[in-house]
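Heads up, the next two complexes both have chain A, just with different partners, chain B and then chain C.
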Partner chain A sequence: MTVPSLLPALPEIFLACSAMALLMVGVFRGEGSTRLVSVLSVVALLVTAALVLGAGSERTVTFNGQFVADRFSAFMKVLVLIGSALSLIVAMDHLEREQIDRFEYPVLILFATLGMLMMVSANDLVAVYVGLETQSLALYVLAAFRRDHARSSEAGLKYFVLGALSSGILLYGMSLVYGFAGTTSFDGLARLFGHGSVPSVGLVVGLVFVAAGIAFKISAVPFHMWTPDVYEGAPTPVTTFFAAAPKIAAVALFIRVLTEPFGGLAHQWQQIVWVTALGSMLLGAFAAIGQTNIKRLMAYSSIGNVGYALVGLAAGNENGVQGVMIYMAVYLFMTVGSFTIVLCMQKDGRSVEDIADLKGLSRTHPLLALAMAVFMFSMAGIPPLAGFFSKLYVFLGAIEAGLYVLAVLGVLSSVVSAFYYLRIVKLMYFDEPVVALDRPIGMGATAVLAGTTLFTLLFIVFQTPIVAGAATAATSLLAR
Partner chain B sequence: MEIAAVFLPLAAAFIAGFFGRIIGDRGAHVVTCTAVVVAALISCVLFWQVAFLHQPRTIELFTWIDSGALEVSWALRVDTLTAIMLVVVNGVSAMVHLYSIGYMHHDRHQPRFFAYLSLFTFFMLMLVTSDNLVQMYFGWEGVGVASYLLINFWYEKPSANNAAMKAFLVNRVGDFGFALGIFAVFLIFGSVEFDTIFAAAPAQAQTTISFLWFEGHALTIACLLLFMGAMGKSAQLGLHTWLPDAMEGPTPVSALIHAATMVTAGVFMVARLSPIFEYAPTALMVVTVVGALTAFVAATIGFTQFDIKRVIAYSTMSQLGYMFFALGVSAYSAAIFHLMTHAFFKALLFLGAGSVIHAMSDEQDMRRMGGLADKIKVTYWMMWIGSLALAGIGIPGVIGFAGFYSKDIILEAAYADHTWFGMLAFWLGIVAAFLTAFYSWRLLIMTFNGAPRADAKTVAHVHESPWIMLGPLVVLAVGSVLAGAVFYGSFVGHHSHEFWGKAIFVLPENDTVEAAHHVPFWVPWAPLVVALSGIGTAYWMYQIRPEMPARIQAQFAPLHAFFYNRWYFDQLYDAVFVRPARWLGFELWKKGDGAVIDAFGPDGLAALTREAAARSVRLQTGYVYHYAFAMVLGVVALIAWFWLAN
Partner chain C sequence: MIVHALAFYLFSIVMIASAVMVILSRNPVHSVLFLILCFFNAAGLFLLIGAEFVAMILVIVYVGAVAVLFLFVVMMLDIDFAELRGQVMNHLPVGLLVGVILIAELLVAFGAWSSAPGASGIALAPVPTAEGVSNTEALGRIIYTDFVYLFQAAGIVLLIAMIGAIVLTLRSRVGVRRQSVARQVSRPREEVVAVRKVPTRGGV
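== the complex of A and B ==
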């Protein structure tokens, strides 16, 4: 038996080894080693990102066709790693304040991230499942991380039960596909569907089940129901992480599964994506209006954002996929930035989560309010902020594919969603402060906030490398 | 140099407007006054070079619009006509700027005021230096905006708001015609450049175009449309109602914009386009009739008014009427001559009136003035000089005030035209000259002579204005005395052909200015005789027999009411245009916008959104089995959708 080439999977192998090593560090140094483990974890994530970027850019397949590394996977992996690292940085202070700073936290994040990298690079349905479960198990634990807290436990349990159901749906779909196609390999499936032959009913049903399973992970309508409860119940640093990294990995997985093995069935799955995209955009826009809790609001906002990303996927062309990638990159920074501000919402040492607590923020924390305003305007899609361009690229792809109805409805729902984004700005700038939030907000949070705000503000200036990178990545995925 | 003359005021307006808070009142004074005074001095040099050394020039700045056949550039065309306007605009503007330092010194928004004044000056310069119709339109609209801003300078006053809106809206009517006129010119000539148009005008003399429902003489239609713009801007009968109301603005504004410069833009425009108007005799006839009627009607209204500024405003309108019928009988040079002399003495009168108002603690009603002659002597004599010039006092062939020369040549030219409308203009002009003299002396006597009619506090406060205000008055007074005598020979005398060069164009058979020198001997004397009798009547009625006006007023009550109420133009327009428009607007607002668009649009959508939000929140029950059920249902629904879609 020959050993497969390990080089393409070097980042994953490095991350797995460092996660286990850091687990050992934590175990042997005991409580109080959290900060050290956290810092080392961030370093490990950044090194992994460097390894991803340092790898060759041409497509390589290894582990008997189970694992693939290409430009697309590199782009999305870097986003995932940045998301994990940023959410870990902003989490540290908060965990200490809330006295849940256990060393398992960073280690769990590393394992979850490892699972996500696997998802992004999966080239076989079995590999998909392995990556997805590696990620999910870590996430279940993270959601219930504050185990002495009823809401956190509830969030963990809900997420676990529903996640298990979705895993079941996914696995059932995979078995259907295998049963009717005779292979689980992406390359094999792609060959099978590449001839334009009419797929059998079982295959199509399998495809729908697979899509539903992944749609759960990106919380697309109608598989979104867990999102608000889990986002609200889980500790805020965990929510930050949930909103950032796993979303990106799952979207990447969704793109790869739909375009590579099932690329030949584009006409079929476009319908599904079309419906889920529209549902997510509308629900994200309307349900968020009725929220009073900022984390729940952000949950609906993320549902809506996924809807917009799916518009690009529904287009199914290179521009659409490029749009999704840009969308996720911008989404990552905006989300981490806004959640950092939510993390900073403290009154007398206690975290608060009501939207009303942001009242008059512009007078007590002018810079914080400014950053939040930038994120809100950006999410609402106001030029020249980053959020405008991400929406623009997605809709361009949709228009090119002739999805006029979807594009128009998407723009309209973004008008509705502008209402709740702008309401936050209004609360911060035009209402009287009730009780001022605590200060200072900590070094890590400040740095992340500054970085994400600048990214959102200056995206218009520095967008060329990101747009170009997304373009080549989309080409590498679709033009094979 | 030409660029400096035009753009210095713009730069000053920019600085005073945007950095007024930083540089303060004093800084705004210094910046704007320096810029405009320098521009005025440069203008004098330009005038010398262009008009007397015969060096007209056009400076292309850059191309503005280049679209298909339409090519429009920014250019400064400086010929004799423009040079005169440069001197008038920059000169009067400089005087008004200086005067305003004194007049406005109580005001809290001085940088804004001076910025507007300078901005107005710039737009006016843009208008007069343009070498195409589009740039002229730009300046035309620009002065409209500046006029709006300045009438509304005291924006807390509702009357100022209304006056500003009225000025803007009435001008829009005229501007609509002007715009259509430009389109017509482009349609006929395929260009908006003056040189191209003028060169092609003779060839197009017989062309016809279809307009609305009829086929008409192309140049006549174009000229009438253009004249409509001139009517609006220059307050000619029909579109004149805004001018008296515009007196709500500060008095220096009235002097600069609503007497000396902007309102003469229409006169300038027709003179500038003389090469086209010459080939549209019907249009010229209309210009003559409208001008003559305006001169007469405005004078009849003027002699019944009591507001000192309104009297002068109607006098301005009347004098503009003179200019227009001069244009109508092809005496373009005479019209421009009167434009220039009028700028001097009318600015003098307005600034003098401002000085009176300043002395009287902002009182404008002449019925509450009187007896001011001794207390504000300089102002009194300045007003005398202005009135003498306005009435056109002088001895034919010997000497006279500025207005004497220009008004006489206009009336002679009208007489020399030997057409029915020329004669109409001549006789209406003679009547108007009588009325002009009458109301001028009525104003002087009511304001300065007799016993004081104001309350004791105001009388005690009466004081002569500071020299920063009187200085400009003196300069303008010198102009009012000398401008006529000095420039008569050049403008309308025997050197006029060299003086004007190609700036204005008159067909040989229409040369009424030349013919004006050969009219019967009584024609030059007639205006003087009626003016003197007007002065005499006023003196008799208001000085010797002060009870007379009331008796005459009672005797001719209906006629007086007709004149006093401004021929009921405002009431007529109110009934015919304003009320229906308001009614329509109100109905559309309440019923169309409120009941239909808002109810189904913003309000309806908002309510719908709220409802949808509440419903979608209720979906989220918190029970895991509901969520799981939703997921399973979702899968089933997707598969079903799939089947239906395929």
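== the complex of A and C ==
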């Protein structure tokens, strides 16, 4: 009996230990320690990111083949950690204002992030499930964190029930795969399907269920129904977190599950991803038009964004996967940035969430309006902003794989979605202000806003390292 | 062998009888108690087929935790069971219909059941067991070695569940009088006891 190598899992172990230590700090220092625990949590997340980057770049498998660390997992983990850290920074002021600043909030964020890292690094179907549950359970609690509000409790309950349903679907699929293949290990499954042999029908059914379960977690059509309600009901800092980190982790998990163990079944799953990608893009474009609540609008926008990311996955080639990774990187910064502005929307110390409250923002808060305009133009895919390039890489991958119909429909739906992104710009710049939003917006929010805006604006200048990193990561995932 | 058969029939009969009593008994607390009896006999059946780990888990988890939880819930909820029972008659036709359809479907499924050639041979093959290793020990050997990652991760899931339950339900109430042992002990005698001279027929 030998002790498994712990080194590849060092970031996860560090994050788990620091989450438990910070829980103790919070418990012993009592109320009023939230800011301290939050700051320490951000530090812990950054140290974890450093540990991820510091690990070797070659693929290492440990824990009896259940855990894998490679370039792909490193890229996605850094994105997840940045997303968690940024959403924690912008959350602090808002939590205090709304008087829900309890020290469990940063601790739960850390545990959720731990679950996401475990998802990204899973190399076994059971490890996928355990990581997913670690993440989901913390997210359910976070959605209901404002427990005195009916809408937050409703969001938490709705998310919990539907999440449990999706976990059941996922587990059912996994049990079918295990029953027909005889193994849950990704390496074993990859070997099984590597010969191009025709899989049994039961196995394909299992694959469909697994795909449906994960599609639920990334809120792709037709498993998106929970998203607008949960995004609207949950406290805004929690929504910021939901839109950023868990999406990236679940997309990373989706990529790994479909390309690594089921890579030999690409013909089977490509149709599924094709349909969900198209459905998500169209729904994201059309359903967002009639929204009046900014959080609901962002929920539909995130459904649409997941659709564009899935276009790259539907391609299934290296360029497609590279496109998805770049897309998620850009999406992270755009989403956190625009949600930071939503967090700043308050009148007389009370949060407002209507799109109409943004009217005339350029008159009252010129810089805030400028940042929002940058994000909206970028999400609409206007060159030379970051959102244009992320869409470009995804569609290039699709065209290389011969998915012309999907690419053309994707571009068309992106034109439709430009309508509601640009409507926000129009409200901010050409309408008379009805309410003046409070100022100042706080130091953390200002810093995050400046950083994300600069990233979105200047992506064209320093995109090389990100694009190159995504390329090597995609190669490491697919060229095995 | 005869003891084995006798034990099997004893456990089975008691189990089915107590399962029937769970739905038929008028007192809900009796129902839960019959449920516990049912669990115990199911554990006995598991013991007979040599699955002692499942038998223990059944007793510890289902009897020790779940059934006791049921008991608490039944005792605490204020439900008029007599009224509920009255409504049963309204739902009886639909319930019976669903039951008949389910049985019919099961019969059709079993009638059309055919296993792949050679499948029965695999199913009948005995599971290779190391000599003298009970299945509890066999599970213990792999759960802390091969599956230590999943074991630890499951522990973290449980920790999150605990934190979540506390976050969502714990409320610090104001105005609650709590016992402070330290203050009680450190009270000087003068604060507590006063010696008065009480005149006869005068009162304090």
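In this text, the second predicted complex is superposed on the first by the 480 of 480 C-alpha atoms of A that agree within 3 Å, B and C clash if a C-alpha of one lies under 4 Å from a C-alpha of the other, contacts with A are read in each partner's own complex, and residues count from 1 in each chain.
Criterion: a contact is a pair of C-beta atoms (placed from the backbone, for glycine too) under 8 Å apart; a residue touches a chain by one contact, two chains touch by 3 or more.
Bear in mind the structure is a predicted one, so any value in this text is a computation, not a measurement.
Check the residue A:V90 against both partner chains and state whether it touches chain B (first), chain C (second), both, or neither.
After superposing on A, A:V90 lies clear of both chain B and chain C.
Counting only touches as set out at the top, which of chain B and chain C does A:I82 meet: first, second, both, neither?
After superposing on A, A:I82 lies clear of both chain B and chain C.
Just checking: does A:I169 make contact with chain B only, chain C only, both, or neither of them? Give me first, second, both or neither.
Only chain B; A:I169 stays clear of chain C.
Regarding the shared-chain residue A:G290, is it in contact with chain B (first), chain C (second), both, or neither?
The first partner, chain B, only.
With the two structures laid over each other on chain A, which partner does A:L192 touch: chain B (first), chain C (second), both, or neither?
neither
Could you tell me if A:Q271 is touching chain B, chain C, both of them or neither one (first, second, both, neither)?
Once the two structures are laid over each other on A, A:Q271 reaches chain B alone.
Just to be sure I follow: which residues of chain A are touched by chain B in one complex and then by chain C in the other one?
In the superposed arrangement, which is not itself an observed complex, chain A uses no residue for both chain B and chain C.
Could you pull out which chain C residues touch chain A in their complex?
Going through chain C, the ones touching chain A are 145-150, 153-154, 156-157, 159-161, 163-164, 166-168.
Going by the contact rule set out above, which residues of chain B touch chain A in the complex?
Touching chain A: residues 609-610, 612-614, 616-617, 619-620, 622, 624, 626-628, 630-635, 637-639, 641-642, 645-646 of chain B.
Residues of chain A touching chain B in their complex?
157-158, 161-162, 165-166, 169, 204-205, 208-209, 211-212, 216, 221-223, 225-226, 228-229, 268, 271-272, 275-276, 283, 286-291, 416, 419
Which residues of chain A touch chain C in their complex?
That would be residues 1, 4, 9, 16, 20, 23, 63-64, 66-67, 102, 104, 107-108, 111, 114, 118, 126-127, 130-131, 133-134, 137-138, 140-141, 144-145, 147, 156 of chain A.
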